[in-house]
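Below is the structure I would like to discuss, written out as structure tokens.
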Amino acid sequence: MSRIRLGMVGGGSDAFIGAVHRIASRIDDHYELVAGALSSTPERSKESGAALGLDPARTYGSFDEMAEAEAARDDGIEAVSIVTPNHMHYPAARAFLSRGIHVICDKPLTATDDHADAMAQAVADSDALFVLTHNYTGYPMIRQARDMVAAGTLGQIRIVQMEYPQDWMMGSPEQDGVKQAEWRTDPERSGAGGAIGDIGTHAFNLGGFVTGLTATELAADLHSFGKGRVLDDNAHIMLRFEGGARGMLWCSQVAAGCENGLRLRIYGEKGGLEWGQEDPNYLWFTPQGESTRRITRNGPEASEASTSVSRIPPGHPEGYLEGFANIYTEAAAAIRAVQGGESRDAVMGKLPGIRAGLEGMAFIRACVASSKGNAAWTKI
Amino acid sequence: MSRIRLGMVGGGSDAFIGAVHRIASRIDDHYELVAGALSSTPERSKESGAALGLDPARTYGSFDEMAEAEAARDDGIEAVSIVTPNHMHYPAARAFLSRGIHVICDKPLTATDDHADAMAQAVADSDALFVLTHNYTGYPMIRQARDMVAAGTLGQIRIVQMEYPQDWMMGSPEQDGVKQAEWRTDPERSGAGGAIGDIGTHAFNLGGFVTGLTATELAADLHSFGKGRVLDDNAHIMLRFEGGARGMLWCSQVAAGCENGLRLRIYGEKGGLEWGQEDPNYLWFTPQGESTRRITRNGPEASEASTSVSRIPPGHPEGYLEGFANIYTEAAAAIRAVQGGESRDAVMGKLPGIRAGLEGMAFIRACVASSKGNAAWTKI
Amino acid sequence: MSRIRLGMVGGGSDAFIGAVHRIASRIDDHYELVAGALSSTPERSKESGAALGLDPARTYGSFDEMAEAEAARDDGIEAVSIVTPNHMHYPAARAFLSRGIHVICDKPLTATDDHADAMAQAVADSDALFVLTHNYTGYPMIRQARDMVAAGTLGQIRIVQMEYPQDWMMGSPEQDGVKQAEWRTDPERSGAGGAIGDIGTHAFNLGGFVTGLTATELAADLHSFGKGRVLDDNAHIMLRFEGGARGMLWCSQVAAGCENGLRLRIYGEKGGLEWGQEDPNYLWFTPQGESTRRITRNGPEASEASTSVSRIPPGHPEGYLEGFANIYTEAAAAIRAVQGGESRDAVMGKLPGIRAGLEGMAFIRACVASSKGNAAWTKI
Amino acid sequence: MSRIRLGMVGGGSDAFIGAVHRIASRIDDHYELVAGALSSTPERSKESGAALGLDPARTYGSFDEMAEAEAARDDGIEAVSIVTPNHMHYPAARAFLSRGIHVICDKPLTATDDHADAMAQAVADSDALFVLTHNYTGYPMIRQARDMVAAGTLGQIRIVQMEYPQDWMMGSPEQDGVKQAEWRTDPERSGAGGAIGDIGTHAFNLGGFVTGLTATELAADLHSFGKGRVLDDNAHIMLRFEGGARGMLWCSQVAAGCENGLRLRIYGEKGGLEWGQEDPNYLWFTPQGESTRRITRNGPEASEASTSVSRIPPGHPEGYLEGFANIYTEAAAAIRAVQGGESRDAVMGKLPGIRAGLEGMAFIRACVASSKGNAAWTKI
């Protein structure tokens, strides 16, 4: 099976996440990067393209140019990865969706609600797939956790504890020339959410992905500890879910000693689960009245939900890039399936798409509104 | 130095915490248990006294009888430990305080606010000491954490994450004859707080003890998951502190896999600390921009604050009983000091007393009020 | 039941292990320390006795004096704890054994083989009990491990990995005035073994205690890394057991970052167990082809072997002192039983005694001989 | 820069390690797999090639055919990965080396010493590079550990503890149709070493890589616990190093609960290091007299030695495949360098090659000889 021809918008040399997408696309060998509009300035874009070995003729100065040119080629890109700051997600995605090119887009969906609505419309108007890289859903043991909850192993879910602390925004990196911090702290490019948009959405998405529960309302206390920082860098959130479960979500970018401490703890009538992103090959499971078990990826109690997205034996750790690659690999299968005539809805499976994106935007919107109302309960 | 003559109210054979107090009182050899009113029924009290080797003449049928008789003896008790269910704390304490006998009382302070006020008055009216066994403050690494915060090692505190999950109230132990569960789920004996009174107060107290910060308001979402349970068995709480710090507190008694998961994470402008009760000999410290360090009890970076309350070398674990014993040992020193003529206020040092008790009651009251108001912000 | 009247030889203010014995003797309230010969110099002994609140008339200048005087009293000591450097174990023990006073003695048994033989004779000639404080056998989860092996849960044992690394002898503490290091590095007082005697015997004893296997031969490579140090401070040992199991033992006192890293890993045909002294409340159990389980002290899969020697609920850690106290408590029961007329052999139960002591001496002897023979296989 | 054209010998659908090599070769985008002799039977080879999307014309029935045909093409492979059972390493490697095609070969070097000698000759006779995939040397924190030792951070090295336990050979997988177990337990295909060849060589190699020390002699006690198993499945080994360091190596394939427990602990005069393969993003460092520090990959105390081979931020775990990819990426750089005219010796850098392979064979040979001599000390 030949590789899917892939383009990329954003992801030049300064960027972190572009390289991640490229590696993720290569790991299972389903994509070939053949075109790019890798930077907002044409010169930088050319330089980055050259560094990646792209054909100079397919290194474009803008995503519009790229969309038009690639759509006109017989060997044009079949899919595009959008890895820009948030405010560019929608215009870039629209350019490709409108031409029937599949889109794999970084999260959160957009910087503004207007863009989110427009994005939803653009997806609706297109036949192309829209995949949002909520990459943590690709971790094998997250798949197993979801499967266990769905199978009723925990009984009815009661408590959902989510957290995602980091520490890289201690001090003032946005004033010290750290590009990653600059745009993330700028409402124009990032949107109304700081930590909640950047990492809170991940934790929120993951809680919903694993439990299958819909959060109905939240009370959020957002705060900015960084000097002169406008957007939140710490958020305390209480949540209520359909069916009566309660939860908490803490995200922070100023918690010393926390690197990417995404962690999920779920408790039901019959048992509990615990998982942490920094040690992702283990799922800790406690059936009520029994000892806690360390279920290992591809180990003796790993289920098909996790083994089917694992590559190597237990004890040989897979990590962040492999989890990310699972999203790309499932997107490739979905792309091949729609190319083969299957319906778009039928192929999305567990892949996060426009709905997850809109849920994330609703989460950000509710957090900001709640916090403005002194952490009043707010419908999501 | 001769041992302090100690009595005990409560703590018969069914009880868990009475035995803990007795061991704690013995570890550093400052007390001799010589009298008891160990149960609410005289027969049981006699039996328990005999099992403990008490003089039958000093095994009493009630705390009133004991207070009167012991106060009249030349060799009467100097101090009494009160380890009954919450609703008996005040009447028992008053009986001894009013006779000048020092009181070491289990937490929370009382079952009701009326009792709490009366207890405060009884303490004010007495010359005797009143010590509340917020025992977790006795852990050496908690002492070191408090000291580091006070010394400014973390800079201004920004975030205080407290949690105390358990799982022993999954199912319906109160209907299955578990005495510990029976009174704890009964508002008459336990008071208005379930999990928040039993374990939430511990987490709240510890957060304040270590940071030195006063929590000013909270928003609490209490819930009872246990069938037919009136009092909360799970609580999600957001907090705000004087000086701008924010925090969260989660306590639960229905979280499968959690035994006594009391955990504290504190983040300031310059660093972070993490400590867990189940692994109490380590304090994890991250100075901003450096690696996380595992500070061990009595190890190379242990400070006087922790080494002064440690007994054995690093790597030989001390545990819950030793931390509890530190409270008893410091209470002994305080008792000897007031007996020697020092003022009561001067000798309390780090010992939790009536103020900590009233703060705990205020916490419970605020939680219940907030939760009734749909988690509205409520002054503490 | 009245307390057993206890004396102590050694354990003055400079000593570490004396205080441990005293606390261990108090925890479960079976002993009362009433007499002591706490130091090798009479003045120091008096001072230490005063600090402990002993009756000056029963604070003796030597163990001989104490043995004679106490044996003559109606209320004389019933048992004595011997916590001197190794070379004094035998003369002290003999003085009491010969007078029918029960002996609780620190390990290793003696400094020399001659003393060991004499000690065996002294025990044989006496009706009194002789208990050797191989205290790690008192840890509840070690009891459970032993029980699981005995029940066949692991099938036939194949591999026994023992280790006990420390780091406190890095540098030259024996030249810097550290008393603990001085006598431990002095062959006159410590015997032929350095690390192997001090901590290797513990690991060796524990491996045998848990597996029930007898080690038949070993090959040992002893080494002294410390400048000018005569006795070993690091030992690598291979072992063979009756029935075909193989094992390794590593002990070291110069391994930076190791405090008291005693650890045991046991593998059989049907499963494996892992336990570490620094985190002693957990036993990690892997049945073949299943996930690893974290069995907690007093938790859902704790067996009677461990719960019977536990005091507090799971998640509230017990530590080194409680494990040590279990030896004292079982010794108290044995003492009361022989006082009540039971035979000495019948009451020892799991208590380590003269046999464990002789096995430890045989281990040291074999290690030294093997190492002199360039790690030749040597019968134990 | 265009990709290096890569062929593969072995690695058909049954194999585990072939897929690992392919992913590792893709992660940093330096290779394109264009040819293969993927199985020992031509039909299977064709099927596997088709499954991988190889040009059928370049899917060969044997490595000889492939070597000849590819060497004759203008666009023939520049490098070949050899991922067969051990006994095929030499004949396959020779076929390519003799044609100037660079070889990336799985370990151990060969099944027999004769083959090892012949391999050394074949490498000497060729201008092509020979890289042996001791992949664990590619882990970033292993690089940092090596760097710290070389910089003298630990002072002179005293103790080297190596271990690699697994449990997948409990029971009799080689009799249950597990291909991986079949050839590994067959001396014809695997060579004289069982566990020592398969995983012991990894631990041995890693100890030498990090410490820079040469092991001079060893005493090995090999054993087969598996029913009817000829080759060792458990090995206890003591080692002595140039300069006086001592060490131990334990490897096992029958230790329940161990998946790929490769672990390295190194102690010097001034500090200690600990690293485990199952949690590879952390390096635990203890400077003498200070607290242990958790150094994280790409974190605040990560050095250039580790950051230069890392891809993503700290807290986002990299794993086994990324470590393996580092070997491929450094091999690509070396290949491009020799193609650009640099000398073969100059470009190998930290890459394991023929010398590491011969050292591994010497280790296996010494282990087997020593064990036959009842664990006599044997020169390596």
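Of note:
In order of appearance the chains are A, B, C and D, and numbering begins at 1 in each one.
One rule holds in what follows: a residue touches a chain if its C-beta (ideal position, glycine included) is under 8 Å from a C-beta of that chain, and two chains touch if they have at least 3 such contacts.
Because the structure is predicted, anything quoted here is derived from the model rather than measured.
On a Cα centroid basis, the chain most remote from chain B in this structure is D. Same-residue interface: chain C and chain D share over half of the residue numbers found at their contact. Between chain A and chain D, the centres computed from C-alpha atoms are 35 Å apart.
Note: centroid distance chain A to chain B, computed from Cα atoms, is 43 Å.
For chain D, the set of residues that touch two or more other chains comprises 258, 285, 292, 296, 299. By the touch criterion given at the top, residues 285, 289-296, 299-301 of chain D touch chain B in their complex. If you check the complex, the residues on chain A that touch chain B are 154, 158-159, 161, 167, 170-171, 219, 221, 223, 225, 234, 236, 238, 240, 246-248, 250, 252, 254-258, 265, 267-272, 274, 284-288, 292, 374-375, 377. Chain D makes touch with chain A in their complex at residues 1-2, 16, 19-20, 22-23, 26-29, 53, 166, 168, 258-261, 277-281, 296, 299, 311-322.
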